[in-house]
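Read from first to last, the chains carry the letters A, B, C and D; within each, the first residue is number 1.
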């Protein structure tokens, strides 16, 4: 038995290859799944199983691409009612891959259909050696049960039982292989380490130390980070099986005049993915801004409407292609074109540009101490961050919510935006400017 | 006989491998010379000759690195008085590489010691098949003779003879392989095509059509583009043989606080290589700006003092390493460190930043028509560009000259800078701000 | 105007990008055409024209893939009667790409429909600067007119006129850009240099020096290298437009037992692409051998039946994928699978292997001098090579012809095979062993 | 805390990066250590600690290169008496890297100076989260104590205490990070999985289940795989600190005649690294053979004399460079040159070659059943493999021992060699032929 771990930064997604000597399983694959095929080829094994622990909410899974390219069978929870061809498994089911036995546990909580695959390496011993726990348990955290707001408490209760009555019954030395690591929005406070053990988490995982079920439910249903818009969308796409990547249309390269013309087409939006100081330097008026260097996919999934054609502004073709891929990973498939040659072509044609002034922390400090009344200071971080610490006098409107809440801010006064890195402020500024704000 | 051409963008440098079946020569190699070694290995030949047509003024040659790594002999013009080990060749000398015969012509003009290697492929015929013409003749242009201002006219006269009495005596069908292409400052108006023929140039090269020697001299010594500062420096380095790349010190990675501290060290300067809109968005006060995407090496060689330690600000390590290499190619070897993690670390530490406002062409147009008196408009392009077309009321100070001429501009009024792409304006702005200008 | 040259070794194919400042043409593209798209992107131009000089006999052109991916228009000779969508051009037609003018000359000879595109760079002069001469004129050679044996003399006559009445009317300094270089079977004796000039060829090209038309015809229709079997096939595929590469089926990876079973399937053949000493060491009985390091595509196109499913034996997946691509380039599209893990799996299963003894030149020399009668010595080189020099007592049967002529050799006696590198002997040995020879 | 694992196949070596948010340690680095520097750069951390668990016997460590390039401090066991600059640590010592605490346990057994670094992630809990166990405990195995034959029993006894009194006192959930995985000769029977937990090994590790100390000692000092020759050599090199890779001389490329001449130089040997069937096909008489695709480094370290200049025969430059690197990893630093163009140049010069006949399992089976007396069958596998199963009538001489024991075989009779993959037989054949055997 050999285990390989794959980590996809930004969405902090962990996937795995579990291999014997000739065949292997891929657990919770990402959408661009060729890397598993190449790795398996290198390892000299064949992909025969694709295991889904649940219907992922934060990314599009690669099960369809992988099954089509390898002929492997997809295993998915029976109660997920997936509509693609698959082996539907539920509590008590088990199957083998060479000398490894995989037992299915139903572990609702993060999502209703969630299951866990417990692995026993029969060549070495009779007890479980590890468990693919998906989004039930993380390193230092547990899965959030509030993605379905209507049944959040019910799910939190189920999660309590999945953890205490199922996972924590496994031996201390059993390893756990979660589907996410630090940085994911599927939990609240994950550790940087990618895997752990039942025993270590039993002893040191704060959520597992809450023995009282009601307190557990209360803890898990309050003070949660927001759930981006695409979280509901992705689950459905994964249930039906997403379109294969190779069947999505290509991305056209447009000259500045062609780009300008295409912007007029119905349903198009411009997405600028350059660094936020560059966006501040100048940008196409009306464009959205998401810094490709930041948490691009999460915010793209969150704010970009999936039914619009996307026109990308980037520094290089590679950056544009990268932005397109990250959006495909979160189910935004309609990247139609990009501005060939980047902003320089736009500038050379003498087309209009917008600009945003960036200020340093020191400058803001002086400003706040001088005359608070003359401007509006909007803190665009998440409510939890705001609560932890914020500048007095600032109002808190998370960047994505500005799409609906920009009328809470007065257009007459200058608006200063603040976040932690500059990325969200830049997104917020792009939204405000779309809504007619001029002094941002 | 097989000829491979290598083009290095930005400095628009052409170098060549001239190969037989077992051995080959490299003509006018660039400083980072491993690519010739790899290519020769692929071709199955050994580098046995390194040919220098002259002491290059605009870049550091790779002859020393290449000779050390391959054992090949360096051929250089006798009158160049090079101090490294080499075969000194002059008019009438000839040597063979397998069945190729190379004849040396002395062709002073661009520089006093310039020579040309004329190739005869003895396996095919008795007449010259091509000539490595260095910077004597280009595609659509001839070498500029004004790099030594004191003897510019004398050199222009010699160039006339080198061209008319030597190169144009070659047959029409003889190919020419120059050391530069469009974009180089070693000529005035080169064509994009990399090589040409004697006959085509005889018929269509504007400079060759001036049959009168005096007119030729006059034409070649007036209206020339400026010669960057490193042009005199590089020749000397090449004469002595530059330090091997592998012996130059490495580039340290510094955190923001370390970087800030190092900035205080004597003789250090900060060079920001990000895109110019990003530099405009924010930057470290006092830093130089040269957009890595623009003509970085030429302006770096021009304005960066070679005796200062350089601290780089870049978006990524790759960009910083790239900036370092480009500077090494033009003889700026003292890149000491870079800011790890880029500007984000600086921002996160709350350190001060500067900012520059960018305006669109349209905005400037309106401004100029409204009230010319309220601001100074500086055109930082080269004089020739300025003469061709400029906005009325603007003054012309080429960006590099602002180092000495910033006192020609009033500090009290806002200063607007204009160039063709934004890159030189950004360099100019960084220089002005170093000199105390605030509203740029 | 900028010209980029692309060379594909083994089939010695030259293709070109001819670029202006925004758009470009690709001339005679290879089938795997993504490299032109990437290069054009790097150059910042768009592919708008695809120019075919003729229906290539020795490789599959990439015009269909390229047109589908870029939207560029295909230009092809009118008399070629191509059945895909294209601009049909003939003598006297001309069109422009930015400031470049392209004039069409009809130049039958190598093939009946052959045309040449003559380029005039109108930004520089009024005379032709270069010509895309396809397979009419090469560096040091001319196109062979004998690929259509029935009309070889007629074509040779036409070639004479195409050369003397059309191409040689171009100015001496006009460059020529042929579609092949040294190593191609489309000519007899090309030089290693990739391009040349009209004047140089006029003076030093042996075929052009034959001024008498009849002698020219005689020379060009005798002593020609053989024409591989795929030469007739490829022209037809190119006329109809080949299938897009992305639509061809993938290559399956099989274990040794699966591979052994698949070998029994009707219409399958095994192709071993390892080095010839490794094939000699051991191989699967009945397999064809073509060393991937040798002139693989030419011999694959020549001897491998295009209507059979091909099972590949290679050292690595990369080698197998490479063999597949090379075969696609010459129109052999039915690569179905490869032996995963190479021969080691076969050996480990204890399956039968064949072996061939390799002897050194010295050993053969002694053998020949001892007792010529006891064995048959077959020289499997081409007739022309055989005529130049051969061992007394050897018979000449070119390797590909052994497919039909193995009964000319006695099975009873040991057979020794000889060629120049070992590759063709190994192919020959694999054919003989398929035909029941045991002592090879 | 974040842990990254690096695996080097063939020698089955595991090394690790243990990172906080700004700095990191590298544990038991390999000699070509740039990959850790690149990875750390990607992770945005700086290498500040280099931890050695013991003086590795089977490979050269990269501590010197890494320290020189990063400025990090080397930690090594005090009793190892290393002579380079380092922090000498012993039982009870502890130090921190950010919020991680590392405690040193002295764990002699595999080697006398062996230590273990136990990690506590103080940001999460007060108990150990993992331990860098070097070669004390493996997945499914324990370190072999027999590398110092004189004190094997003594070391086995110490190992017993190191395991039972120290490592097994750690909590069940504590993870273990060993320095080797399946395929290494530092243990007997490691599992394919790279890491494990104390609890799982306590329950299922066969060696840990032997509770009786004497039985443990007996088990660990009998039936051990052989220890290659370089095992004693590497420890010493690591103690002194190996030469930096960049200071080793380059590898010359020689033509066949140059190569032939160099072979005559005193102290040179020829090492052929092509595949074993290719070596069988033909090879330079007198050359050693080690298939680069097999367990090349172990056998190279074992049989190649470190004081001889090595001349490499390989299919490609890449293979030759690869062979050179693998030898450097096991302390064979004198690779002087390789045969440019591979064996083809040798053949083309008509130089002598040797050949070896390969036979299939089936053929051998028939041979054995026919007439055992007429030949000698030598099984060149390790004694343990031989004992498990072998062909009746075969004698067992492990391939490396043939260097001293070839006189046990009669030169008059044909010799058949057998192993498991063909690689060792090929090595054995090359040794026998060096010793005058002709019919192998």
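Side notes on the structure shown:
The rule is short, and it goes like this: contacts are C-beta pairs under 8 Å (C-beta built on N, C-alpha and C of every residue); 3 or more make two chains touch, one makes a residue touch a chain.
Quick caveat, the model's predicted, so the values are computed rather than measured.
Between C-D and B-D, more C-beta contact pairs join the chains of C-D.
Just one of B-D, A-D or B-C has an interface built like that of A-C, with over half of its contact pairs in common by residue number: B-D. With centres set at the average Cα position, the gap from chain B to chain C is 42 Å.
Centroid to centroid, with C-alpha atoms defining each point, chain C and chain D lie 46 Å apart. One finds 50 Å separating the Cα centroids of chain B and chain D. In chain C, no residue reaches two or more other chains under the touch definition.
Contact residues on chain D toward chain B in their complex (touch as defined above): 22, 41, 44, 46, 69, 246, 250, 253, 255, 317, 340-341.
On the side of chain A, the complex with chain D involves touching residues 1-3, 19, 21, 121, 124-125, 127, 129, 140, 171-175, 191-194, 197-200, 202-204. Listed in rising order, the residues of chain D touching chain C in the complex are 274-282, 293, 315, 343-344, 347-348, 350-353, 355, 357-362, 421-422.
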